[in-house]
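Shown below is the structure under consideration.
A, B and C are the chain letters, set down in written order, and residue numbers restart from 1 in every chain.
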Amino acid sequence: MAALDYGTFEFKEILVSLDSAVLIVTINRAKQRNTFVNALADEIIQVFEAADRDDRVRVVILTAEHTAPAYCSGADISNGWNVLFRPEDDAEGESAHRDTGGQVAIAIYRCRKITIAAVNGHAVGVGATGFQLPFDFRFVWEGAKLAFPFVRRGIVPEATSSYLLPRLLGHSRANSLILSGATVPATSRLISNLYHEIIPKREDVLPVALAFAKELAANTSQLSVAYSKGLLQHPGDAIEENHLLDSRAIKLLGSGEDAADGALAFKERRNPKFSATLSKSSSPWYPWWKALDIRHRRAKL
Amino acid sequence: MAALDYGTFEFKEILVSLDSAVLIVTINRAKQRNTFVNALADEIIQVFEAADRDDRVRVVILTAEHTAPAYCSGADISNGWNVLFRPEDDAEGESAHRDTGGQVAIAIYRCRKITIAAVNGHAVGVGATGFQLPFDFRFVWEGAKLAFPFVRRGIVPEATSSYLLPRLLGHSRANSLILSGATVPATSRLISNLYHEIIPKREDVLPVALAFAKELAANTSQLSVAYSKGLLQHPGDAIEENHLLDSRAIKLLGSGEDAADGALAFKERRNPKFSATLSKSSSPWYPWWKALDIRHRRAKL
Amino acid sequence: MAALDYGTFEFKEILVSLDSAVLIVTINRAKQRNTFVNALADEIIQVFEAADRDDRVRVVILTAEHTAPAYCSGADISNGWNVLFRPEDDAEGESAHRDTGGQVAIAIYRCRKITIAAVNGHAVGVGATGFQLPFDFRFVWEGAKLAFPFVRRGIVPEATSSYLLPRLLGHSRANSLILSGATVPATSRLISNLYHEIIPKREDVLPVALAFAKELAANTSQLSVAYSKGLLQHPGDAIEENHLLDSRAIKLLGSGEDAADGALAFKERRNPKFSATLSKSSSPWYPWWKALDIRHRRAKL
């Protein structure tokens, strides 16, 4: 694996390496049980935003050391919830705060590359929300204990989990998990559908996810992935609007170099060689959706 | 169990008791196969609206006698559908009618406490829709036969089931159940994901649900539950809007007394002692969503 | 089975027959591996639009010969993607193209009768999207291999699949299937919930689906089916709006002839005899939803 040079970045809370177009991001806080702190959040956001723009990267995996006490054991609240808040927000009133877990979730959700969470340990709170739900695929260790314990701590589900979890699993399971706050194994019927694959041995989770990632990196079009994610996340409000959107995307991509080789490779029964990149080959039409501006404007200079 | 004093209420179609912050509502029409009539609907609406406002109540369970012919066998249509309609609505035209099952469903759905359906018998029609779908959790007897038979009776799915069922299970299962009108066992792959737990013995459904309810009543924050339900039901239209909503809720609740004890209890490895109540501790920001006014305005005085 | 007389239609790519109110549409391109071409799309659209208006038809089944190489092996791209596009669209710019798979999907989705896909063979691309997802029910052969391979071909999911698949299965499974482009068996946990029934023998898929269809044709109300599909597809934006919609539909249908016999049949413990038809008995209120106009207006005469 080659060390990745992201210019001036100096990561402390994560390890980052690039392996055949797969960027592997490893949470590096095993001694702190891989708890979630603002410094970790900042680095995760930086690396997913960089991966989004880096044409070399086709897949991003988030994982932890498989010998760590947990994949991520949530926010460190041993000194209370103030760890989540910034004093300067208090002066701005009730609507100034921006949940750090949500900022992480949105950075991952918006990343136009394939994203994979390789959950090779227990996961609680933001370890189950922001570090899992915004990903395209989740691989999990069979023995992992998972919890959304918010109602048992006096707070609410965060990191956009009240948006993402019902969309992923339906409200029957989302309500069960969030309103019970229960700790469940990955194999529980309440949560197993969240996972692309459930893996018996903890040490196998990353290797299995990495092999899956490399195969996708080699055989999928970067443009196809980005536009497909766009269609899945922003399908339009009705079947008719979706028809207009996917028609336009089909026309755009179907006329491009990756589609040409995709068809030829299919005919010649070989693997495709996709060369289109987001920086060179995307269209001004993309993104076609509007997004709410989530920045807070300070009241004073 | 203590008898509950709800002032002037005199329930005839239901039995109501309070057991350690868990309100148990039992349908009391076993001799009529627990059929759904307007008087039953009125009492269910009254008790869920009262439970919503009663700080003592943290969980509400709806159940039936486990020896009854059914949990609820639907509307009594032995004299036709007019049982559903009111003559005064006819003079008002086609848009005056308000489905009684839907009014029940909305009262349960809007209740800010944890709600549980303990389905200890067969359930048909509104017994499967209004008396199950708006709840947070459903426990069911393994032997229960369940049906949404509307297309086989010449009517349509009611009690907001065409909204709730696809959200709970996805459209693949919702279409199968509603458009076939089939009668299925609780263990059928078409419906089993609707249930938090499927219980072998009919007489065990209420005790299992009650134990679950008491544990939640003792260890969850009333405020967390209400705000979490609000986020799950009204998550906003996109991930960005959800981020603004859960950020504000985290800030509000994270600064409160329940969150303080929640963090301390976690540190001290003890159960929390939550004291915040909706009547004392909620914020004017809640509810943050708009709701359509569903009342019909009579044409004349 | 009686040959169906649809006036001037002369189908070449499909076989069509009517069997006790069940219209069976068989893809008739086994020698071309049942590939998808514009001529096939045109005939499918014609037959579903005709079935929608033909009061004799209560259920429509789409299937293939069970001895064919595939149920549908997708678009024939052996000469590239231009097979999908029309030269006259190119002059109109990027937003003129309308995906043929999507036009098929919308014709099936809008058909007010019960629709069933009897997937008795492998299905790839539009064979897995347009020829499966817009249907009410899907029956599948246990040995069928299924794939949404778009990201592996340099294009995007089409035929409104980015709208329909997440609604049917939830985003966890939809993302897995579409973003991996993997080929999976019908029994895979990634896709099995898409199917009403999974059938061991390939030759049994159509007979099982047909028996199911005949039972529904005999015992469901044409009006109930159409209005129930309307409620499931257009439930309103919130529970309150759904309450207004299903209340009005209940009032309309509950006052009609099918509901009257439905109640009487229930009382007399016999099968109902439904006689209402869409052409005679529907209401001007239906459809209650607005739909985007998806036609392209040519720039010049």
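Throughout what follows, a contact is a pair of C-beta atoms (placed from the backbone, for glycine too) under 8 Å apart; a residue touches a chain by one contact, two chains touch by 3 or more.
This structure is a prediction, so every number in the text was calculated from the model and none was measured.
Drawing the touching chains as a network, do you get a line, a ring, a star, a complete graph or other?
Graph shape, chains as nodes and touching pairs as edges: complete.
Over half of the interface residue numbers used by both subunit B and subunit C, so same, or under half, so different?
Mostly different residues.
Nearest 5 degrees, what's the C-alpha rotation angle taking subunit A to subunit B?
Going from subunit A to subunit B via C-alpha fit gives 120 degrees.
At what distance in angstrom does the C-alpha mean of subunit C lie from that of subunit B?
Centre-to-centre distance between subunit B and subunit C: 33 Å.
If I count partner chains per residue in subunit B, which residues reach a count of at least 2?
As it turns out, subunit B has residues touching two or more other chains at 170.
Using the touch definition from the top, list the residues of subunit B that touch subunit A in their complex.
Interface residues on subunit B, with respect to subunit A: 114, 136-138, 167-170, 193-196, 212, 216, 219-221, 223-225, 227-229, 231-232, 235-236, 238-264, 266-267, 272, 274, 276, 283, 285.
Inside the complex, what are the residues of subunit C that reach subunit A?
Listed in rising order, the residues are 77-78, 80-81, 84-85, 89, 94-95, 97-99, 102-103, 105-106, 109, 150-164, 166, 170-176, 178-181, 189-190, 291-294.
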